[in-house]
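For clarity, chains are labelled A, B, C and D in written order, and residue numbers in each chain start from 1.
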Amino acid sequence: MPTFIVHVIIENKPGISDPEGETILNDLVLKGTHKTVSKIKTAKMLKFTIKEKDKKTAQFTVKELCDDLRIYNPLVSKVTVDVFEATV
Amino acid sequence: MPTFIVHVIIENKPGISDPEGETILNDLVLKGTHKTVSKIKTAKMLKFTIKEKDKKTAQFTVKELCDDLRIYNPLVSKVTVDVFEATV
Amino acid sequence: MSLESRELSELKSRIGRDPTPTELQIVAAEWSEHCSYKSSKKHLKMLPMTGKLVINEKGYDSGVLDVGDGYVVTAHIESHNHPSAVEPYGGAATGVGGVIRDILSAGTRPIAIFDGLRFGDIEKDLEARWLFKNVVAGIADYGNCLGIPTIGGEVEFDECYENYALVDVAALGFGKKEGLIKNHAKKGDIVVLLGGSTGRDGIGGSQFASDALESDNRSAVQIPDPFIEKLIIEAVLQARNDKLIHAMKDLGGGGLSCAISEIADALEIGIEMDVDLVHTREDNLSPDEIMISESQERMLIITSRAKLKKLEKICKRFRIGYSVIGHVKSDSQMRIKKGKRTFASLPTDVVANATLLDLPATMPSYLHTIETENKLRPISDYTKILTKLLGSPNIASKIWVYGQYDHEVGIRTVIKPGCDASVLRLDNGKFLSAKIDGNPKHCYINPRQGAIGCFEEACRNVVCTGAKPIGMLDHLQFGNPNDPEIFWTFLESLKGLTDFAKYFKIPCIGGKVSLYNETHAGPIKPTPVIGVIGLAEKKPSVPQTITQGDNLIIVGKTKDELGGSEFFEYIHKFIGGRCPVVDFEDSKKNMKSVLSAINNNLAKSVHDCSKGGLAVAVSELCMTNQIGCKVSLDKVPGDKLCADKILFSESHSRYLLTTDSKKLSKLVALLKKNKVSFKHIGKFGSDSIQFNCKTKSIISLNVTKSRKIWLHSLSNLVLHGKRASQ
Amino acid sequence: MKVGVIVFPGSNCDRDMYHVLTDVFNLDAQYYWHDKGLPKNIDAIILPGGFSYGDRLRAGVIAAHSPIIKDVQKMAEKGIPVLGVCNGFQILTESGLLPGVLLKNKSLNFMCKWTSLIVDNNTTPFTNQFKINDRIPIPIANGEGRYFVDENTMKKLKKKNQIVFRYDMSVNGSSDRIAGVCNEDGNVVGMMPHPERAAESEINPTDSRPSSLIFESLLVKMGVKN
């Protein structure tokens, strides 16, 4: 079976505040010389290496796994799952 | 000036251990029913919203900012910077 | 969010017209159970709230005790059950934030946090494990970041909390008496909102807390920001030092609606505010949303125009947002405007005082038969049973929990978590001891005696550290109060607490009621959680390390009271039996004698006997001191009982004292003089925990082995889903 | 002598440190807020623990960009003793004053517990009253306390005697059980455990003497005591 790399990005849903992003923006970035940045949002990423028969199954399996194991709380966070073919 | 969304992914350099990823893999994933996963790596992501004249400048600015402000610790981490056009 | 039709017509008649939509939102928030205590308030008055050391002032959200030399201690308890059940990390964290601001709003610096946590069966239930892990992380991340030590608490698992969580948080504050905020305001003063910006998160939270969980209100998720809270603490204390605060209130349930109406009502003033002036984090919030948003980390301060400049400077220094949102009037109205337009104009006493209910109560039918004991299968191997108990989630060491909490910061923690109560040193040379305790298993079988038992247990824990109880906090957590059977259990518990408080002259200095705690399987067991605060004039001599040849003395009677015990419930899976009953007279005598033993330096250590009974209490002493002990069960004072009852009965008012042989006779003389029931039942030494019946050894357990099980069971369960093995 | 205690937004051990410096060791201590410089007449600098900027992004990284750090740097170069405790240590590594980095503990959790340190270098301004291999009972309280350096740096640390403290047992997965290090000159010291929480017998369940020596070393170095 082929190997896939699956990226799971977990971030706060829109409308839910992200204090970490705000602090990085206000206390670090905007105090420096880079004033063109207007927003920073933080997210957490998990990179899975997984063997499945195809891309779709890989995506589905990882999503299901994250839900099952409560890797994130759907009330607070949204997840994005992206699949890439592993470059071996 | 157009707005860009720049994704910065901060992850451990190869060879630096990632206890969090290992724990998720061993204590959660492999104990469940999803045995096809062989590796999990965790990373942190920052999503910048930035106004620059073009994609390239956006990428360059954010990369420079990451180095200047030590958004990542070069001793243990590396960054990947990806630019997307903001969909307004 | 809405009012019941009865309430709506009442509102109409009280204001003499139809309310505007914004007014409806404001009143619904403030008249919710969570904010108004409409079901419980009438009855709470029975608790004794005054005492020599109690300082009562208007508008405080926390209790205040005078600890002498010009210093005060403040205390408060809160829960965050509903939010934690759906978002354990954020719910628990913001629960800590809320109670800390209550302490701060009296003008005192928060110096300690306590957490009482309850979940479903973590041995079976994955959801319980997830809730537990994230609640602990939420409390740790919040308290640690603030630099306020979390120094005590409890953790309990019971099937009645399946898919649910009870997260109780108590906090203590300390300060100079002269630094207390004397809430006052006069016409022309200005109202400042300080701290985090207002957003849509947490809209409808207090209403949410007053509904059963089914409604699953998504917008009630609150995101914690301990960093802002820390800055607010420093800014507020600076403003207090500079005398810039006339009156202050934290924003909790009900958001601005509650804060404005309650402070105005307490101070008998009117407040006019403009929602456009509130600093927000999202555009296009409606006036209603701004008024009921429960965004965290906000404080309301009333000050004079002349002092505003200085206050602004402090806010800037600590990089916290603020806005002047309104001013004080003399008309006892709260007027909410957006620019020129008025959206609400209500008499504050109408908003702040919902009509109190007197709900019907009937004794639940299950109570008629619950005390009847089943015939249980006989125990063949007590060593095995005790081993099993020591590794059980309710009895296993909670070090996995408090090891994640910074319990040293503030450099006051004299006695650290892991024993009975924790002890803090105060700036006047005195010592403060505190503990919170609950016991739903007992309270289910007998709500009145169970509640009394929690109170006594918390006192006992405090007494074990050599401190005298001086104040109590109660937190009453029950199911839906509209069910007369549930409401009866609420009243019974309250009456029990009242009796005990009056007999012992321990004033209730604060509390909280949390109702509508229901899971899909029904109401939770009655869960009052009691916090007791004790004071010691000098540093207590206990605990010292127990060594070879030391003697074990038990104070208090062991009775046939296994109802709700871990032995019945965990080992036999039997719910029922006789609930432990506190004999007030014995309780008082025992407390006094133990305190006097400690004060006369006659005990090396004192430990209370509670969950798991004598067998577990002795084991705990052995495991923490890493030494064995030989105990004769025949000598244990009390009813004539068979071995399992002596070992595992959870009778109250019992203490285990250890003393070296030199002081034994003096200790015995003191106990005799005080006429308490006590016996010298054992001697420490070797490496096994041994219980003898007549001359026969019925339990023999290696200390090192059992210690390993006891220490690691909980973390193994949480992290790997299995118990520690030998 | 004058000791500067640097305070950042989110520092939370500043008051504890101040108490120990002034009430226990009778030093003249003064708080300095992160956004300004330091006066010239300071004889020693302490960066206390806490959660500067809420530990956001990474513990210590945002504080390392504070204006006051430039002055700390300058004074460190002049040889003035600098001690970073816990978050203070993290700030010193993030600002390049000390080598290495502090990563998330192996347990992935915040850890508050009493540990035992072993003194590895007794030539710094904060350890001159110890003998090599002396033990110090002292608490840690951190989430990101796992000291890490690459192999080359580790070799250099050893060669230049820059390892100041080690844990007697592995607690959090630190390289070589390192709990504290110093710069090449030895005047800048960073440590994860909290000496200010262990220097008074009232709150130290074991022995407060060893931790006191950390402060007494400073007194000796400055000639206040001998």
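FYI, contacts are C-beta pairs under 8 Å (C-beta built on N, C-alpha and C of every residue); 3 or more make two chains touch, one makes a residue touch a chain.
Because the structure is a prediction, the values reported are computed rather than measured.
Undergrad: Provide the labels of all chains in contact with chain A and in contact with chain C.
TA: Chains touching both chain A and chain C: B, D.
Undergrad: Counting C-beta pairs in contact, which chain pair has more, B-C or B-D?
TA: B-D
Undergrad: Quick check: how many Å separate the C-alpha centres of chain B and chain C?
TA: 41
Undergrad: List the centre-to-centre spacing of chain B and chain D in whole Å, with centres computed as mean CA coordinates.
TA: Whole-Å distance between the two chain centres: 31.
Undergrad: Just curious, how far off is chain B from chain A if you go by their C-alpha centres, in Å?
TA: Roughly 9 Å, centre to centre.
Undergrad: Quick one: chain A and chain D, Cα centre-to-centre, how many Å?
TA: Distance between chain centres: 35 Å.
Undergrad: Could you list which residues of chain D touch at least two other chains?
TA: Answer for chain D, listing residues that touch two or more other chains: 9, 53-54, 56-57, 61, 65.
Undergrad: Please list all residues of chain C that touch 2 or more other chains.
TA: 225, 227, 319
Undergrad: Check each residue of chain A and list the ones that touch at least two other chains.
TA: Answer for chain A, listing residues that touch two or more other chains: 19, 23-24, 27-28, 32.
Undergrad: Linking chains that touch, what shape results: line, ring, star, complete or other?
TA: complete
Undergrad: Looking at the complex, which residues from chain D come into contact with chain B?
TA: Per the touch definition, chain D meets chain B at residues 57-58, 61, 64-65, 94, 100-101, 103-104, 106, 108, 148-150, 173.
Undergrad: Could you pull out which chain A residues touch chain D in their complex?
TA: Residues of chain A touching chain D: 19-20, 23-24, 27-28, 31-32.
Undergrad: Which residues of chain D touch chain A in the complex?
TA: Touch residues, chain D against chain A: 9, 53-54, 56-57, 61-62, 65.
Undergrad: Note which residues of chain B are touching chain A in the complex, please.
TA: Within the complex, chain B contacts chain A at residues 1, 3, 9, 11, 21, 24, 28-29, 32, 34, 36-52, 61-62, 64-65, 68-69, 71.
Undergrad: Under the stated contact criterion, what part of chain A meets chain C in this complex?
TA: Per the stated touch rule, the residues are 12, 15-19, 23, 26-27, 70, 73, 75-76.
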